[in-house]
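What follows is a single structure, written as structure tokens, with notes after it.
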Amino acid sequence: MHKLLKKRSKKIGQPPGSLIHIGDETVKDVKITIIDYKDEQFREMEAPSLEACFPFKDTDSVTWINVEGIHRSEILEKLGECYGLHPLVLEDIMATDQRPKMEDFGDYMFIVLKMIKYNAENGGLEIEQVSLILGKNFVLSFQEGKEGDVFDPLRERLRTGKGRIRKMGADYLVYAMMDSIIDNYFVVIENLGEEIEVIEEKLVTDPGPDTLRSIHKLKRDMIYLRKSVWPLREVIGSLERGESPLVTKSTGIYLRDVYDHTIQVIDTVETFRDMLSGMLDIYLSSVSNRLNAVMKVLTVIATIFMPLTFIVGLYGMNFKYMPELEWHWGYPAVIGVMVIIAAWMLVMFKRKKWL
Amino acid sequence: MHKLLKKRSKKIGQPPGSLIHIGDETVKDVKITIIDYKDEQFREMEAPSLEACFPFKDTDSVTWINVEGIHRSEILEKLGECYGLHPLVLEDIMATDQRPKMEDFGDYMFIVLKMIKYNAENGGLEIEQVSLILGKNFVLSFQEGKEGDVFDPLRERLRTGKGRIRKMGADYLVYAMMDSIIDNYFVVIENLGEEIEVIEEKLVTDPGPDTLRSIHKLKRDMIYLRKSVWPLREVIGSLERGESPLVTKSTGIYLRDVYDHTIQVIDTVETFRDMLSGMLDIYLSSVSNRLNAVMKVLTVIATIFMPLTFIVGLYGMNFKYMPELEWHWGYPAVIGVMVIIAAWMLVMFKRKKWL
Amino acid sequence: MHKLLKKRSKKIGQPPGSLIHIGDETVKDVKITIIDYKDEQFREMEAPSLEACFPFKDTDSVTWINVEGIHRSEILEKLGECYGLHPLVLEDIMATDQRPKMEDFGDYMFIVLKMIKYNAENGGLEIEQVSLILGKNFVLSFQEGKEGDVFDPLRERLRTGKGRIRKMGADYLVYAMMDSIIDNYFVVIENLGEEIEVIEEKLVTDPGPDTLRSIHKLKRDMIYLRKSVWPLREVIGSLERGESPLVTKSTGIYLRDVYDHTIQVIDTVETFRDMLSGMLDIYLSSVSNRLNAVMKVLTVIATIFMPLTFIVGLYGMNFKYMPELEWHWGYPAVIGVMVIIAAWMLVMFKRKKWL
Amino acid sequence: MHKLLKKRSKKIGQPPGSLIHIGDETVKDVKITIIDYKDEQFREMEAPSLEACFPFKDTDSVTWINVEGIHRSEILEKLGECYGLHPLVLEDIMATDQRPKMEDFGDYMFIVLKMIKYNAENGGLEIEQVSLILGKNFVLSFQEGKEGDVFDPLRERLRTGKGRIRKMGADYLVYAMMDSIIDNYFVVIENLGEEIEVIEEKLVTDPGPDTLRSIHKLKRDMIYLRKSVWPLREVIGSLERGESPLVTKSTGIYLRDVYDHTIQVIDTVETFRDMLSGMLDIYLSSVSNRLNAVMKVLTVIATIFMPLTFIVGLYGMNFKYMPELEWHWGYPAVIGVMVIIAAWMLVMFKRKKWL
Amino acid sequence: MHKLLKKRSKKIGQPPGSLIHIGDETVKDVKITIIDYKDEQFREMEAPSLEACFPFKDTDSVTWINVEGIHRSEILEKLGECYGLHPLVLEDIMATDQRPKMEDFGDYMFIVLKMIKYNAENGGLEIEQVSLILGKNFVLSFQEGKEGDVFDPLRERLRTGKGRIRKMGADYLVYAMMDSIIDNYFVVIENLGEEIEVIEEKLVTDPGPDTLRSIHKLKRDMIYLRKSVWPLREVIGSLERGESPLVTKSTGIYLRDVYDHTIQVIDTVETFRDMLSGMLDIYLSSVSNRLNAVMKVLTVIATIFMPLTFIVGLYGMNFKYMPELEWHWGYPAVIGVMVIIAAWMLVMFKRKKWL
């Protein structure tokens, strides 16, 4: 399971704009890919050096520079200088504990998103921060460089020119990237939904302490998911409202669609939370019910055998003058009495529905 | 019971506007009916082919095209092209996991609603998505094509010309359709209300684990109902506020009425939720009370018989010199002592109200 | 106790504006009373026929027409026609499951309120819907026609000309009616407050399952009360803000007073809700405490008698060579040992505060 | 403890503006004191008759008329007539169940506050309603006339001319009065805070049903405190915003300070509420823990002695052919076996941490 | 642990603006340091006397006067007079129970913040109030004078001229100070996060009453943290919005960054609160589970040994005619029967999963 918190304390005492990487250590090299397109025209290349990115800044075509790996500050610094990014933006890109947000710097926009993957092996969630810079003709994207890339189908669409993507501007590309990320939330939600259904089944058939643990784990997942998705609403909402000239009106309609998806994700997360609370209630009352059942067994046993044991103890006394002991039919009579008592008690318990 | 989630993951990686059906598989054919009316004039027909719908677009009369079955994308595509619908609208019509919403595209409005039916056999809820397109002179409606049609009385009213419906425009028709759908919520709510009353009765007379299960099931139903109704408020509210020229002012008054009904449904759902929580509290405390009762029985039995068993054990000892054993009235005396002890204890328990 | 829901489903499929009575069946005749006043002038009469109401429409004096009994649609229809009411207003008057609301139709206002009565016999609440129409010179009021009329003191004031009521317009009359209704809420609240105090007392002295039932019943009452009062705030607030020319500014000050009372009622209902939750907590923990007490008794008894029973069983064994059995002081010695064990245990339990 | 509700029902049916005293009965005489000051000039007197107050209305100096005791309506009526107060204001002054509020009547303001005193003897809260009228050059204050007066230090400051109070206008006097009242809340809060600390201590060392009762009592106090303080925020906020010409800008800065104090009180009340809920959780789980401890004792005793009692019972059987009974070392052997069993069980329980 | 409340009651009855120290007693001397800088120019000195601060008021360079120790009112009074501070500001500086706030006095701003330190020894939180005055060319800061100073790295940056700090104005200095304080919250949060992880571990392996106590302690810490951080959002938000000419637009971007950090802290505190509630649920259900386990042991033991004890008691009876006692194989037969009964019961319990 991912850590509760990332160590931010190492930044203390540093001047603002200090580029310090906050997040999981990684040894991978930084990988930079460039995609440049306009209508029919399309170029894709892995950047041999950072400097290869610079000339694309002022071209007429849309350029997408994807940086995988954000732990080397000198790369970010140079890129930031070339594209005129504020030092605080670079600092935020390197600090992977940001919450989703959108900041409008006039000639570019800075967007932070969270990519969430469901780890099918241990059922955990993996969160990766994606930072986007939307300029007039370019998009810069920064990923932590974890395994798997949610943008592959998007790249494919760019290559083949499928859909309208190549005819639209940089804002549409950012929309498409956000759409990819949020579509992925549905996969996570479907997986968690399946986990919930499994636990619900188990809650009826065989609840145990591990059921409780599973509920708790899912509740925690919901907390994380919520934390990632909730601020998205505001982010996309303010993008959609189209206050910036960087976002065209026709893209606004598409952003409204992403906005709807976000609301849908939030809705589902809230529904799951409600259901998990309900399941916790059921679990707790099933524990009480089982305690009840155990106690009934104990009470039935004790109530039947205590009087009987008393009777046999009675005739085990060594008094000299106990007339019953001399009777010929004494023993069978006592046996008979005890059978009657036991039978009567069983009937009583049946009536009380304890058996 | 309907599934928690619909598989949306198959859409991942597709460009926006891809027409992919999300929802339950269905084999029924797509059925298209056309109703065209204006004052005294009225025509109703089942469309022999899709193309039959096209000429109605520019007539002066109000045209209602109802499409039952949304799993065939080519039909939607052609219809969308003819009536100038945005690809995202078509995509949303086919994805049946939308939440209720209203989108204003200027020359037409797109409204998504949820139709809820109460399945009397298993007490489950069945949800069907209805999408409406309101244009200047036409209304397109899309249903998933499940059994039963809530619009039948409306059609009847159109045929007979009862009420003012034939004298009003397309916006009034949309209002009438929304009214039909929301009126149906009252049926669902009445049925759930009856279920709640049955459980409340049972909670007093004979609560058991199945009572808990029923409460939980109803709580879940409330979650679904709430999810369907809550966004309606905003949808109808923004329709009513009359910002679009497609909705006339006189229809606005009617929409305010539907708005009231929606608030009433929401109110009732919230009341039900409150009541269900109260019932859960009662159930849980009845479990505790029963545990208490069981424990009292056990304690009474043990408290009476343990001292008695000790006494009879005492005189079962084999000491050589035990004067009481030799006494002539020893046995009856011990019996007497035990009766007194037992009686005294019973009195004590009566006083403590344990019996 | 009043029913959870009123049957609204019979309205399904009817065109809007259909006059269908929703609510309890009643056999009483419809009774119409007319009061007409202006300064010194005052007339009061029971209308012999509906038509008697019509001439008052255009007089200069203030006319109050009170209709008791709303189950006959033809009466409402005619009245509505004469006074120019919208069909939806008539429909809402007949449907007694409305929530409190205010609708401004320009030349008249439509106000729905709930009258709540406390039934001292069974402690239940009785809710009656009152609909008011405020026009320029007239007020129409519609009651369900249940027993008791909260407007009697108001009528008396009109008759005697006490206070300023006869000098003011129709808006002041409506204010006075709302004031009467909301003043009545205080009676209900005082009665419920007394019930709460009785239960609180009982919670300390002798809590039982019926205490829980009482708490639950009161919680339910609060839900209903809240449902009736909460929307009132908005209703009176929007009246007070004086956006309509029908409400004069001097009446606005009085409405602010009613508004304050409404807030006070809401406040008290919320306080009661908080207190009832607290009482539920106390009840539940008193159940736990009693379980603890029961278990302590059981444990004390078992802990004292089990070792003793073991000891007497020990000397009840039939071994040939058991030297203690032959000792002359064996029996008293064993008795002594057992007394010491029992005493020591009692001291232990005293220390643990179990006794 | 003060009553839950004050009897408001006696007002039912009275016309608005009826002066009826709602609150605790009191026999004290009404006491009226007049303070009149301006810069160096200062006069203080107890009014011999009500009429003595009238001439101060139009003086240039600031006049503060304090009325202690509000149960005599004729006094209020005359005063109200002289100072031009609205009948509803007089009605609200006499009804001591108002919630804090501020009403702007143009040439005067009406402010209702709650004075809270902590009764050190029984730990209860005592609430007294204070009504203030702020006019251009005068302040009228109305108290219920309970013991103790929070305004004494303020009067002293007026007498000695300490601080800037004599140089400022009537609005500053009202500010100073509100400040005195809210400062007093801190005393109440400190006392309740000490009670909470005492209970927290007890919760660790020796929790019992009375601890629960104390928590419940404090929770109730919080409900009352909150009810008194919460609306204050709005009252002072709207005063501070300076919309009325009666409040000068320089006093506004001081009101902001009172506003801050109010927020601080509200904050603390909320913190206390959170802490009390936490303490309730701890109490409940300590009850469960004690039940657990009791049950463990019972189980340990039963588990050790039941097998032993069985063994001694075994050798108490009277079968003719029981070889062990004849063995010479039979008795010591059985004793030994039982010691081993008991020891092994004790070790087991130690391991399970039940001992 | 720091006290729940600071004694504010000693201020009661004092005129507003009275300088009374509210907070922990301290014996340290008041220490005043002056830093004055502009671009390359830098001076740092400990003020020999208070008067040394006065000449810096009107210089062109940025002056930072840091006052450590706020318990001596005469120092504050003189400083306040020189820099033209409102008496209420001085009063608030001395009262260390303020909540974070920002007040704009036109030519200077008054900001109150809370510095939080984590005491690693006892896991407690230590809160120190920091008051800032931002003027045109100067910043005054007031600390309570507790150990440790969070501003040391900031001073170092000023000395070395690292970063842009020396090139910017007084507003940037205030930003840098706020940034230092809020960065410190992350350290506190990381420490609390580690505590939470330790407790979570323990909750699975070995939950006990001390686990509950730890959860409760953390919940309390969260309440305090929340109280300190929550109002910060509004404070920084209103600073950032740039309504005052004292805050330049370029500093606004930096303030937005601090704002983001504040939101992040609030978010984490809320997440922790959610997690702690979840952990409480788990703890409580683990208590129930253990009770269940204890009861099962008891029931198993009782259910096995009670019938057996009955059987041996049966053959311990002293009836004259009990044929079984005479049988040669009677004893082994009874032993056999008992073994069978015990074995069957064990199998039953295994099936029920009680063993």
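Per-chain numbering from 1; labels A, B, C, D and E assigned in written order.
By definition in this document, a residue touches a chain if its C-beta (ideal position, glycine included) is under 8 Å from a C-beta of that chain, and two chains touch if they have at least 3 such contacts.
Source: prediction; values computed, not measured.
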*Given that subunit B is a copy of subunit D, what angle of rotation, in degrees and a multiple of 5, matches their CA positions?*
145
*Taking all residue numbers at the subunit A/subunit B interface, are over half used by both copies (same) or under half (different)?*
different
_Where subunit D and subunit E are represented by their mean Cα positions, the distance between them in whole Å_ = 26
*Measure off the straight-line distance from the CA centroid of subunit B to the CA centroid of subunit E, and report it in whole Å.*
43
*Out of subunit D, which residues touch more than one other chain, so two or more?*
284, 288, 291, 295, 298, 302, 306, 309, 313, 316-318, 322
*Chain touch graph shape: choose line, ring, star, complete or other and state it.*
ring
_Contact set on subunit D toward subunit C in their complex_ = 4-5, 7-9, 11-17, 86, 88, 91-92, 97-99, 101, 103, 209, 212-213, 216, 219-220, 223, 227, 280, 283-284, 287-288, 290-291, 294-295, 297-298, 301-302, 305-306, 308-309, 312-313, 315-318, 322, 324-328, 330-331, 334
*For subunit B, which residues are in contact with subunit C within the complex?*
152-154, 156-157, 162-165, 176, 179-180, 183-184, 186-187, 189-190, 193, 196-197, 204, 253-254, 256-257, 260, 263-264, 267-268, 271, 274-275, 278, 281-282, 285-286, 288-289, 291-292, 295-296, 298-299, 302-303, 306-307, 309-310, 313-314, 316-322, 354
